[in-house]
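What follows is chain A paired twice: with chain B in the first complex and chain C in the second.
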Partner chain A sequence: MHIPDGFIAPQFYLPAYLLASGAWVWAARGIRRTLDEETIPRLAVITALAYAIGLVMLPLPGGTSGHLLGIGILAMLFGVRLAFLAYSLVLLLQAMLLGAGGITALPVNALAVGLVGASAMALCVRWRSTRNPLPAIAVGAFLAVVLPALLIALVLGVQPIIAQQDDGSPLFFPFRPEIVVPAIMLPHLLIGIAEAVLTLAVWRYACDRGWLH
Partner chain B sequence: MSNKARFLLLLLMSYAPLVQSHGIEMSIDQAEASIITLRYHNNQPFANVAYELFVAKSKSAYQSGRTDAQGRVVFVPGSIRKWRIRVFSEDGHGTDTHLEVDADSISRFSGGETVSPTAYLVLGVGILLSGFGLLLLTVKRGKP
Partner chain C sequence: MSDLHWLLLYLLAVVIVSLLHQPLWLAMGLFLVILFCGPIRWRLLRKSLFSILYFNTTVTLGYLVVAGMQNQFRAEYLLLINCRVLLLVMLAFWLSARINIANALRFSSSLSFLTTLTVGQFRVLSRVVSDFRAAFKSRNLKRPGWRERAHLAVAQTEVIMEKSQHAATEISQAMRSRGVFDD
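Let's turn to the complex of A and B:
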C-alpha cells in the first residue's frame, strides 16, 4: 500500500492533506503527557520495526508480492494517536528515502493505514475478552490491514472517474474499482493473516513484560 | 450498357482508391532502440503491466502497451531526449517518472538511485531511533 506520486488527482489529495493535517494536530495534542522514558524506547523500536517490515516484500500466490504494516502492533501498544503519528513518520521516511509511496499520496496512506487501521485495532483491543483476548487481537490486526486496503483500493478506483482528459482518458490512475478492488484485496487478505500472526507474537511478548494494562 | 449501369460502374470505380486505403503496408527497418527496465526493489521484474510513454510535456501518449515478461519497455527515441513514463499495475503499484535518453542511447532516470535500498533501510531505522532518542531527552521521568 505505497501509492506513488502521479496516481492521485490534486482534487483528491489536497483535501486529503487538509483532513490529515487536522488529524495530525488532534493526534499531537497532549502527546507529552502520554510519553515518558519507558514509552519512548518501545515506541522507537516498534516504529523502526514498522518501517523495516514495510520494506520487506513477501512473495504471494499469483506472482505478486506484499508487505506487512505493523500498524496493528503500534495501535495495540500505544493507542490510536501515537500509532497514527508514528506510522505517518514511517510513511514519510519510506517516501523520502526509498520512493516507496509518494508525497502526494502521503495523506491518503496516513489516513487509511495510520488512522483507520489503528482505530480498527484499538476498538478490537478495547472490546477484547479478558478471559481469551487472542481472537480480538487477531481480528483487530487483520482488520487493520484489510480496511485500509479497501479504502486505498476505492481511492485509486475513483481516480479515472474524477480526473479525465478532454477525450475521456484518465489523467491519473487508470483502473476502475471493479478491477482495482479485487486486485488489492485478495493479496491483502493473506497479508492480514500474516499481520495477525505477527501481532499475536508481539502481544504475547508484551504481556510477558507487563507492557499492556 | 444502359446509362444507369454506366453510372453504377463509374461510382464503383470512384471508390477504388478508398478501398486501397484499407490495405496495410509493412516495412522492416533497423534503428537504435532504448530499453526501460522496471523492477521491484527486490529485483523482481515489473512484468506485464500497463505503461504509457510520453514525449516530455506532451499530453498524448507516444507509445502505450504492457511491459514484457522481463519488465521492459522498448522504444525508439530518435532525436527526442526527454521522456516521461507512467506505469500502473492493477494493484496500485507503479511509477510516474521523467527520464532522459543520452546521445549514446543509454537511458538514465532523472531521479536515478546511487545508494542501495538496504542502505536506505538502515538509514531510516537510524533516523527513527536517533529522533526518538532526542525526544527522550525532553520528556518527564517515568513512574518510580
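Let's turn to the complex of A and C:
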C-alpha cells in the first residue's frame, strides 16, 4: 500500500510532514512512562513483525502496491500512540534500507496507516464484547487496512490535480481518483480479510502469552 | 560530517529533487550520484532498479494505456517520473550505505534505542524465516498445497514471536543493567 518516493508533490508532502510532526510529538508524549523493560521487548517484537510482513509487496494495477500491514496487531497490543510511532519507524526503515515507501511519502503513509489504521483498530478493541471479542478484533483489523487504503488512494488521486504542467500533463502521480480509488480498494478488501485472519491468530497467541489483559 | 549532518543533507536533496521537473536535470543528478557513490555504485544502482521495478512498471504501463486512450500521452512525463523515482531511491540507498541510521537518530535517545532494537529483531526474524523456508523446502519434494503453506505461516509466526520475545527481553535486560532506562 505504501506510496513510493517521487509520486507525491512537495505542496502536499511538506504540509503532511507538519501534520505528522504534530502527531509524532503527541504520540511521543509520555513514552518514557509507557516504555519500560516489559513493554520494549513486545514493541520490538511487533515492530519487527510488522516490518517483516511489510517486506512482501505485491504490485497492484492503477499504480500502487499491497501487502499485509500488521498495524492492527500493533494497535491491539500497544494502543494508538505506540503503534503509530512503531509503524512510523517501520516506514522509515523500509524507506531507508529497502527502498519501499519513501521519505517524501513517509508522513502520508504514517498518518494514513499508522494513525488512522491504528485508531480504527483501537476503537474496535475498546468496543469489543467481553463474551466474544473476535468479531470486533476482525473488523478492527479489516478497517485498519481498508481505511488507510482509501486515504492513500485519495491522496494519490489528487496529485494530478494539484501538480501539473501548463499543458495539463501530470508532474507526479498520473491517475485521478476515479481510476486509482477502485484500483487500490478492490485488492485491499482481500488484503483486509487476510489481515483480519492473521490478527486473530496473533490475538489468540498474545492472550495465551498473557500479553493482553 | 556526522551521520546527522548527512541525514539533513539528504533531506535537503530530496526536497530539491522533488522540486525539479526537467528530466535533464534529474538525469544529471542521477549521473552525479552514480559518480560519487564510489565502488558500490553498480550494486546500489541494481538494488534501486530492482526496488522500483514493479511499481514504476505498473505506473508506466497504466499511464501508457490511460493517456493513450485519452490521447494525452507525453513521453516526457514517463522520463520525468522514472528519473525522479530512481534518483530518490538511489539517494536513500546511498545514505543508508554511508551512515548508521541509529546514530543519525541519536538526537532522540528513545528513537535511537528503538531503531537499534528493531533492526536487531528484524535480523533475528529474517534468520528464523530463512531457516523455516529451507527446512520446509527440504521436506517437500513437490510444490506444497495451501494447507501446508498455511500451517507453515502459523508456525513461523509463533516461532518468530517467541524467539524475538526472548531475544528482545535479553537485550532489554542487558541495557537495563547498563543503566539505559535510568533517568
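Please note the rule applied: the second predicted complex is superposed on the first by the 204 of 213 C-alpha atoms of A that agree within 3 Å, B and C clash if a C-alpha of one lies under 4 Å from a C-alpha of the other, contacts with A are read in each partner's own complex, and residues count from 1 in each chain.
Methods note: a contact is a pair of C-beta atoms (placed from the backbone, for glycine too) under 8 Å apart; a residue touches a chain by one contact, two chains touch by 3 or more.
All values derive from a computational prediction rather than experimental measurement.
K.L.:
Overlay done on chain A, so just call it for chain B and chain C: clash or fit.
P.N.:
Result for chain B and chain C: clash.
K.L.:
Examine A:Tyr51 and indicate which partner it touches, taking first as chain B and second as chain C; both and neither are also allowed.
P.N.:
The answer is both, since A:Tyr51 touches chain B and chain C.
K.L.:
If we overlay the two complexes on their shared chain A, which of chain B and chain C does A:Glu178 touch? Say first, second, both or neither.
P.N.:
So A:Glu178 meets neither chain B nor chain C here.
K.L.:
If we overlay the two complexes on their shared chain A, which of chain B and chain C does A:Leu156 touch? Say first, second, both or neither.
P.N.:
A:Leu156 contacts chain B only, not chain C.
K.L.:
What is the contact status of A:Gly6 with respect to chain B (first) and chain C (second): first, second, both, or neither?
P.N.:
both
K.L.:
Could you say whether A:Leu93 touches chain B, chain C, both of them, or neither, answering first, second, both or neither?
P.N.:
both
K.L.:
With both structures placed on chain A, which of the two partners, chain B or chain C, ends up touching more residues of chain A?
P.N.:
Looking at chain B versus chain C, the one contacting more residues of chain A is C.
K.L.:
Looking at the overlay, what does A:Pro187 touch: chain B (first), chain C (second), both, or neither?
P.N.:
So A:Pro187 only meets chain B here.
K.L.:
Out of 2-10, 20-28 or 128-136, where does chain B collide with chain C after the chain A superposition?
P.N.:
128-136
K.L.:
Once the complexes are superposed, what residues of chain A are shared between the chain B interface and the chain C interface?
P.N.:
Correct list for chain A: 4-7, 32, 35-37, 40-41, 43-45, 47-48, 51-52, 57, 63-65, 89-90, 93, 97-100, 165, 173-175, 179.
K.L.:
Which residues of chain B touch chain A once you look at their complex with the stated criterion?
P.N.:
40-42, 44, 47, 50, 59, 86, 88-96, 111, 117, 120-121, 123-125, 127-129, 131-133, 135-136, 139-143
K.L.:
How about chain A: which of its residues touch chain B in the complex?
P.N.:
1-7, 32, 35-38, 40-41, 43-45, 47-48, 51-52, 55, 57, 63-65, 89-90, 93-94, 97-100, 152-153, 156, 165, 173-175, 179-180, 183-184, 187
K.L.:
Which of the residues in chain A end up touching chain C in this complex?
P.N.:
Within the complex, chain A touches chain C at residues 4-10, 13-14, 28, 31-32, 35-37, 40-45, 47-49, 51-52, 57, 59-65, 85-86, 89-90, 92-93, 95-100, 102-104, 165, 167-175, 179, 198, 201-202, 205, 209.
K.L.:
Spell out the residues on chain C that touch chain A in their complex, using ranges where they run on.
P.N.:
That would be residues 10-11, 14-15, 18-19, 21, 47-48, 51-52, 54-55, 57-59, 62-63, 66-67, 72, 74, 76-77, 80-81, 84-85, 87-89, 92-93, 95-96, 101, 108, 110-111, 113-115, 117-122, 124-126, 129, 154, 157-158, 160-161, 164-165, 168-169, 171-173, 176, 181, 183 of chain C.
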